[in-house]
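Each of the next two complexes has chain A plus one more chain, namely chain B in the first and chain C in the second.
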Partner chain A sequence: MVTTHATDTRTKLIRIFTFLGGIYFFLYFVLPESAVASLGMKAHHEQISNGFIVIGAMALGLGLYNIVRAHGARVVFQRSGWFNSLALLIGLVAMIGATSAQWIENLRNTRDIRSVQVLGEFATRIVEDAKSPPTDRVVPPFAERVSALVRYGEDRVSLIESHTNVSVDAGTNGASSALVGEVRDRIATTRVKLGELKTVSWDQPSDESLSRLTQFSQDAAKLASSYSIIKRSHDAHSTSQKVYDFLFDGLFNQLGSAMFALLGVYIAAAAYRAFRVRTIESGLMMTAAVIVMLGQISFGKEIYEHMPSIRQWLLEVPNSAAFRAIRLGAGVAGLMLAIRMWLSIESKSFSSGRK
Partner chain B sequence: MSGLEHITPGILVVLVIAGIILYRELKRAQGGYHHFIRRIPGVDAVEGAVGRCAELGRPVVFTTALTDVGPVLYACLGVLHAVARKVAQYKLKLIVPQYSPEAMALVEDTVREAYRDVGRGSSFDPDGIKFLSSEQFAFASGYMGLMHREKAGAAFMFGAFAAEALVLAEAGQQVGARQVAASVSPEQVAFFICTCDYTLIGEELFGASAYLSREPVQVATLAAQDRLKLLFLVLIVVGVLFATLQVWYPSLAAWMPHHLLSADWSSLSW
Partner chain C sequence: MGGRRLIYLLMILAVGLPIVFGISQKPSRLVSAERMYDVVEQVRAQPGEVAMVWFDFGPNTIAENEPQAQVLIEHLFRRRIPVVLLSQYQQAERFLTKIPNEVAKRLESEMPGQQWRYGEAWVNAGFRPGGSIFIQSMVNAADVSKFLGRDVNGMPISHYPNFSAIGGVERVKLVGEITGLVGVFDNIIQFFQKNDYRPTIVHGCTSITIPEAYIFLDSGQLKGLLEGIAGAAWYSEVLKAHFPGSENKELLVTNTALSAAHIVLILLIVLGNIVPLFERRRANHG
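For the complex of A and B:
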């Protein structure tokens, strides 16, 4: 009795949410843009759309859980086909591992590159704050900020140098020697500029000090740009990337292409079966197919000069008409079913058994 | 409006008419009116194919291929329900290879309900609902392997298909399965006609469920879509007549309502 009540409540909830979801998109589809905005729907549309992505992600998680549960049980209890399940689970773990490692490495590299990019931005901000009139915003004293900039700059330059050396030690890993040389030149230049910044008195901002900071900002931006290239180039040859490339491009895509290639053989086999003329319909089909094939090749024109035009007519007139009829019929049927789904007018097959 | 095209007056009129027709047919069906459904040999073959599996002692395979959650899947589930009932009655093995994780949950529920409907709920084997892959050709390869290992006696391919259609159908041919296919993708229909014993074309897929179950709601929906198609047919004929007559009488253009029906009112002020 309790179960029946819970099932009824669940069914009602599903129907309410289906109807509300449907009416939201229906109104969004029907109402003019100004009405959508005045009802406040436009402001929340992106959030609602993101909600659907979140639900999709949850469904993906559910699918993953189902795979592990179903195939894991088969391996543990050694049911028939357990070896295939094991291969699937190993593939799943390997792919998740490779993708996660690559994702973590990308995250780390993006963070390193960003930490170098902010060096130039920090210098620019100091200059802008010094030039702008005083505001309510509290900022540390000018000298203190420049001192922090120098300390942070030295730290970042050391980091870039060590990463560049690692890249070179690993055989440059794809980064050209010209690029490495360029990064080293920029490291040297930035070090010189940092040294110059140390020698100036920073009690009060002067034209000279601001000019030096602007110059440093430009040099730091160039260094960040070169570092970004060398870092990405290094990443492209990292172990995690290689494993990912092997699994995805080397194995997965190639197997997919192999399956696709089977189509060539299957089309020939299917055509052979279809072209055995046993009925008027298959005779018509074969005649049309022969005309289309002959019209496609230059030899067809040698047999009959209007063959390409006949082929074109067959494809554009009877073929298109049939395609449109199928699409129209399927579209109308889909529309009716969609209305029925929206209003939860369920058939016995899907509803009565659950009550 | 990003991501969503806006309605035109013509589409709104069609939607309202579709709603009215559906409501009317459902009311008639509730009142006991019996709609006539013409014979569809492909759907009749469903029972025969399952019966053949019972004779041979081979499993039945039903796939919705690339179909995602939506009206097409809903139509396929109606047929799956009918097939699963028969399979349960004949105590056969049913295998439903899956492409979409979202659809898998609905498929599993439908098969379980079908087994319960015929009083064989305990015979339902969740392992029969197999998730293969959500990548097109990995799914096709998994399906091929499955057909060869299980030596299916019948294969039902209902739903949306793309380039993998022929690979799936050929796998069934190789093991000598009786095959019934139904696709809303016109490009794949030719492949199915060549390789399957029976092929349902386009909207017949939506009619199959009603034909098998004869449930008033489904049959009324089928009748409603036929009425709407009839309306479209009349509109097409009227449109062709108008367009043809306009060649001789250009002033007829002023009488044609297409400017009004296709007007963009998304920018109207509210």
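For the complex of A and C:
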């Protein structure tokens, strides 16, 4: 009795949320922009849409759970086909592991690159604050900020140098020697600029000091740009990337392509065995198919000069007319299905079959 | 059984021989690909304006979709139009990284001294779940860079100078959709628009979806179309005519192999209709 009550409540909740979700997007799509804004929908649309995207993304987790549950049980109890399930689970774990390792490495690299990009941005901010002191926040004295900039700059330049040397020692690790040379030139320039910043008195901002800081900011931005490329090139030859490449390019890509390529062979067999001209309609269909194929291939023009033009006409006129009719019919059917789903009268799980 | 094996062998030879011996023929002229070339050529991107290209394909259709993606990206790179790459299809993630990198390397070796770098020539916004809801939200966002947030490396997209302030979707000057999936293509056609904005959409489709794509080309919702490998091959020829350094020999060989397979297919259809006739006649005489 309690279970039935809980099921009824859940069914009602699902129906209510389905209806509200459907009516929201329907109204947002059909109402004029002014009406959408006055109802307050425009202001919150991005957040609401993101909410729906998050719910949709949950399906991935649900799918993952179902795969592990269904195939895990088959492996554990050694049911028929358990070996295929094991292969699937190993593939799943290997791909998740490789992708996660690559993702973590990517984030680490991004953090390093970002820490270098901050250098130029910091210099720019010091100049901006010196020109028009901020009123909404307290900033340390000018000299103190420049001193911090120099210290941080030296630290980052050393980091880039060590990473660049690693790339050179490992045979540039994918980064071209020109790129390594470019990074080294920029390191040298930035070091010189940092040295110059140390020699200037920074008690009060002057035009000359601000100009030097601006110049330093531009040099630091160039260094960060080159560094990001060398870092990504290095990343492309990391172990996690190699494992990912092997799994995706070496296995998944090839198996996926092979599966699709089999279609070509089946179509050839079907063309010989089943494409028989027995009626006028099938004759028309075969003629159209042959013309479209000949019009698209390299040899078609050599058979008949106007073959591509005839193909074009077939696709633009009779084909478009037929496909529009099909799409129109499918569209009306889709609309009916959507209305039935919106009102929760389509799915059996909402209504019958439970009681 | 024997007949089927012979058919399989014929297909393998038709596809394999041109690839093994590197035989290439000039592809057939396709008007839809020429229209697409003209459309990309006419794009005038002011600073801050971008092209947005969706790679919505996986390993199963790379034979057709990858060459299409390559020629479109090559053309956009040659024209120095900043490209935002993204996908509605999770299996495309790898190609979002690989294809622009390869094209950039090829162009850099063709034109020493010139550079196409990540963050300047293109950004990779990665796989975006949500399909039509995601597109509707992006179209209505005040700033596309902020809406997309971070790139695939976790870096804020607004941090890259060419993509720092794209602004509203009106600043997307060209939308490219490379896919063999009709559903994701429909998402772009239906939802990548708003009251006062209709984007210029170009599309690369697989051969099987050409008939469906033509209705949008005919209505003007699509401005250009790459029809399977043949479309990419002709686009590549047009590119070569305008940029003599551009060459994609592999694509032409693949297209020739496919053409040979089509010829075999046509012969099989003809044989499939003639042989039973002879057999019936022989049986009647017997």
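In the analysis below, the second predicted complex is superposed on the first by the 291 of 355 C-alpha atoms of A that agree within 3 Å, B and C clash if a C-alpha of one lies under 4 Å from a C-alpha of the other, contacts with A are read in each partner's own complex, and residues count from 1 in each chain.
Rule of thumb we're sticking to: a residue touches a chain if its C-beta (ideal position, glycine included) is under 8 Å from a C-beta of that chain, and two chains touch if they have at least 3 such contacts.
Just so we're clear, the structure is a prediction, and the values are computed from it rather than from any experiment.
Shared-chain residue A:Leu255: touches chain B and chain C both.
Of the two partner chains, chain C is the only one touched by A:Leu315; chain B is not. Judged by the touch definition given at the top, the superposed model places A:Leu107 against chain C, while chain B stays out of reach.
Within the superposed three-chain model, A:Ile267 lies in touch with chain B and with chain C [touch as defined at top]. When the two complexes are overlaid on their common chain A, residue A:Ser49 makes contact with chain B and with chain C alike.
Once chain A of one complex is fitted onto chain A of the other, the partner contacts of A:Gly329 are limited to chain B, with no touch recorded for chain C. With both structures placed on the common chain, the touch criterion links A:Gln296 to chain C but leaves chain B unconnected. In the superposition on chain A, contact is made by A:Glu33 with both chain B and chain C. In the superposition on chain A, the residues of chain A contacting both chain B and chain C are 25, 33, 49, 56, 60, 252, 255-257, 259-260, 267, 269, 271, 273-274, 323, 327. Across the complex, chain A is touched by residues 3-4, 7-8, 10-12, 15, 25-31, 58-63, 91, 94, 117-119, 129-131, 133-134, 136-137, 140-141, 147, 152-155, 159, 195, 207, 210-212, 214-215, 217-218, 227-228, 230, 255-256, 258-259, 261-266, 268-269, 271-273, 276 of chain C.
Note for the complex: chain A touches chain C at residues 25, 33, 42, 45-46, 49-50, 52-53, 56-57, 60, 106-107, 109-110, 113-114, 117, 225, 228-229, 232, 248-249, 252-257, 259-261, 264-265, 267-269, 271-277, 286, 289-290, 293-301, 307-308, 312, 315-316, 319-320, 323-324, 327. Taken together, the chain B residues at the contact with chain A in this complex read 1, 3-7, 12, 15, 18-19, 22, 26, 70-72, 74-75, 77-78, 81-82, 101-102, 104-105, 110, 113-114, 116-117, 126-127, 130-131, 134-138, 140-141, 145, 149, 163-164, 166-167, 169-170, 173, 184, 186, 189, 191, 193-195, 201-203, 205-207, 209, 213, 215, 217-218, 221, 224-225, 228-229, 232, 265-270. Put simply, chain A touches chain B in their complex at residues 25, 28-36, 38, 49, 56, 59-60, 62-64, 66-67, 70, 74, 79, 81, 84, 252, 255-257, 259-260, 262-263, 266-267, 269-271, 273-274, 285, 322-323, 325-330, 332-341, 345-350, 353-354.
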